[in-house]
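Chains here go by letter, A, B and C, matching the order in which they are written, and residues are numbered from 1 within each.
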Amino acid sequence: MQTFNRSIHPGWLIIAPLLVLVVTLYLGPIMNILWLSFTDPEPGLGNYAKLGESDALLRIVWTTVRICIVTTLFSVGLGYSIAYAMVHCDQRQKNYMLTLLLVSFWISILVRTFSWLMLLGRKGLVNGTLENIGLIAEPIAFMRNELGVLIGMIHYMIPYAVLPLLVSMQSIDTRIMDASRNLGASGSQSFLRIYLPLTLPGLVASTLLVFILSLGFYVTPAVLGGGKVLMVAEYISVQLLVTLKWGTAAMLAALMLFGVLAMLWLMSKFMKLSTVFGGTTR
Amino acid sequence: MHDKQFMKETLQDSAKAYQEGRLDRRTFLALCGASGIALTAVMAGDAEAAADHVVMWNWGGQSEECHSSAIGDAFTANTGKGLKFDTSGPLEGKIKEMVDSGNVTADVADGDLFNAVSLGPTGHLEPIDYSVVSRDKTLPGYALEFGVSIILYGYAFVYDTKAYGDNPPQNWADFFDTAKFPGMRSLYKWANGSLEAALMADGVAGDALYPLDMDRALTKIQSIKEDSLYWGSGSEAHSMVVNGEVSMGMIWQNRGRNIENDTDGRYKLVNNQAMAMPGAYIVPKGNPAGSSVMQFIATAQEVPAQLALLDCLGMTPSNPEAFGQIPEDQQDYAITSAKNIDKIVYNDPEWWGKNGGDAVNAFLDAIS
Amino acid sequence: MAEPLEIGSLQIRNVSKIFGTFKAVSDVSLNVQKGEFLTLLGPSGSGKTTLLMMLAGFLDVSEGDIALDGASIAGVPAEKRNFGMVFQGYALFPHMNVRDNIGYALSVRNRAVAEIEACVDEMLDLVQLQQFADRKPGQLSGGQQQRVALARALCFAPPVLLLDEPLGALDKKLRVEVQEQLKVIHRRIGTTFIYVTHDQEEALSMSDRIVIMRDGAIEQVGTPKELYERPKNKFTASFLGKSNFIHHNDKVYALRPEKIDLIVGVDHQDARMNGTVSSITYFGSMQRVIVDTKEGQKIEIDIDVWRNANEVKLGDAVDLLWADEAAVELQMG
């Protein structure tokens, strides 16, 4: 019993059936994708070789990664300020902000995307107003380009960025910051040496969450990009539904999956991932 | 949905195994119990349950109602069979997936004729039974082994009368001429129609388009890329125009009337050099209703159905018999009406069926 | 450790703190001598932490002024006050090891690494944590954490050290040990300590002076002995040690239990009161006897077990005697 307990935590036994279910439900499709990527249209590495041969594919992957990185930087950056404000304002304001944040999860991505067009499109509210008061002669191209995609994606992602940060900021004892001031640290010293390190796990969690979710964006780039910003998710969907190049689609899906796994693995070299996902350092 | 289908399929397989004695009774009953599906339903199978109706796979929205009134009612009167719908949109990939999975739930798909060329030879479609369906009740070349064109839609463009009122654009050459006609353009994102328009703008004759010169077409497309937006759905094309994002917009020609109405006539449809696209009925391999679907297709070819589809959906008849009967107030918006038929060009489903996938990817590469 | 400090006297003048309509600290005036060990003692909610927070600069004073060596510091922000502070719950930096925690104050002042190292080593010595220098706070016991907090607060040689219930989280035995260590450290470094506690024994055993607080105001200030021997009113008398209250000629007197003599049986001529023993509790070094007097009062008497040969039994009729100076006249209220 002693050795048994030491090798397998009893908690695992409780979730074992669930684990089996999850593994079969997820691993099955993943295996299917891998299989397709090596067999369709013909067996071999042909689909992967395309990455080297076709500028188009590389460009799509690069566009996707670039947009996701920028989205992540801005979402997490803005999310950090928002979470900070939420933690440090009074309870009533905090409740308002939390409600707004949660409500935004309920608004469909399609509605949000088209709202941006109304607001920032060529004939949108902002351009209309600026033109009316004579500040600009030509509408500013906020939408239907990469900037539009970024605005839409960042806006969608901010709530996702805020939540992990909020959790990690709320768990900081306010007296720790008082202590830092008391010991003579300036505001920026306290932030850089105490606050930032203490919120780092939340920051990493938030970054991972936003980046990974961004990779799967489809509607926003398709609509706000005006057709010129092609990201992997949309491309995969076209290959599946329109061009019937399932092998290419599977290869790209596998690439994304292993890209993300590689990223997690790299991060695990630098920090304990369990702290990021809510575990303790001890 | 998917899970349920999978479960039922598994059970039908095991029902067969049980009947053939490969599976013992207890295991079979346990399987049924576990999935919560009534034993009788499984044993009866799908075919009999479906035999009293055909399932049409279309794009939802208006089309459900229109297909019912235009075709379904007559079909029921003729055969006593009903019409049901799957409105999830029969994209080529979905048809392939349905047939590959062995769980075919639709009898006829409201697709494109080029789908018949790409999916037919790979064994995903039933051949059209031309002893029931008529080759003569569609345009020549649009009655193929695995699909027959029932309606025509098309690619035309609308322009902003305020921007170009005095000297309006007349053709695709004007559409691509941003020097003479400054302003934003919108084009279809999945290449179809856009490539042909580009070639015509570049001087290729409408009857000499195929095989498409891809390089030439893409060069032309890229020449106005800075001034172009690309849409992926009819509603997106509509909103780009109606919201004033573009001064000239390629649209699905059947939406022309709506756009003119929604902009109070500010935007006007140009049918010159419009590209007629054969919309086709195709039958997924192993469809549940079997051969009775051919009668349904034949019904849709009849003149009353053709005119009703035009009236209800704005889809133009492809049965030449109906061309002369297109009512006066539809003439401007029907691509094969007497007013338009001499100005239009015809899409080649053979070329698209064989080269469509590569063309779409090349197009996407060029615009992104 | 830095050279003996030249500064460190604090003047608190008519300081009040008002939260909304609630006066958490009201009109407190106090002079703290340099090098003094001053304790703020009072029940929970009496405004001790609030007063300390104003001294540290985390809270603004609503009224009044605070001065260090005569110069007002009311407008000086917390990070510029140079007051050391040991927080309730310690507030150690969980991501830094002991060494970095202790060196933090010098490090944010951009001192040379060697100087920081020297100071940290000296502090580790002072609080006897040398072998734990590389541990994170989470890997230390409560008592060890407390000592890290102390070392961290002392490393930049502050003129004043503020301690808010620093031993509150420790168990009784450990608390007595650390009290001893704190006293030793105070004596060695000579910094002014302002120490908050609600534990009267702690206050009595450690302080040079005690400030008794109640409802945000100072009730009485004095050395432990003064306060114990000469409580001003019932509140002080009962908050600091035990006390019987004797009413006589419209006056109230405090009478400590150990200052009463008890004689069994005989009607002694000097007897001030008499009654019957209703309870005896044995505490080892002494026993506490409760006598119900004829006047209907319960009087507590502590008897030195070792010296008192004649044993008291429940139900005994007894006489109570005390010297005149044992009874302290109290202000009313």
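The criterion applied here is as follows: a contact is a pair of C-beta atoms (placed from the backbone, for glycine too) under 8 Å apart; a residue touches a chain by one contact, two chains touch by 3 or more.
Everything quoted here is computed from the prediction, not taken from an experiment.
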Farthest from chain C by Cα centre, which chain is it? Let me know. B
Of the chains present, which has its C-alpha mean closest to the combined C-alpha mean? A
Starting from the mean Cα coordinates of chain B and chain C, work out the distance between those two points in Å. 87
What's the distance between the Cα centroids of chain A and chain B, rounded to whole Å? 36
How many angstrom lie between the centres of chain A and chain C, each centre taken as the mean Cα position? 54
Give the list of chain A residues in touch with chain B in this complex. 55-56, 59-60, 63, 114, 117, 121-123, 144, 222-223, 226-230, 235, 238-246
Sort out for me which residues of chain B touch chain A in the complex. 91-94, 96, 118, 184, 187, 189-190, 225, 228-232, 236, 239, 243-245, 356-358, 360-361, 364-365, 367-368
Residues of chain C that touch chain A when the two form their complex: 56-58, 77-85, 87-89, 91-95, 104-105, 108-109, 136, 138-139, 152-153, 156
In their complex, what parts of chain A are in touch with chain C? 173, 175-176, 178-186, 189, 193-194, 197-198, 281-282
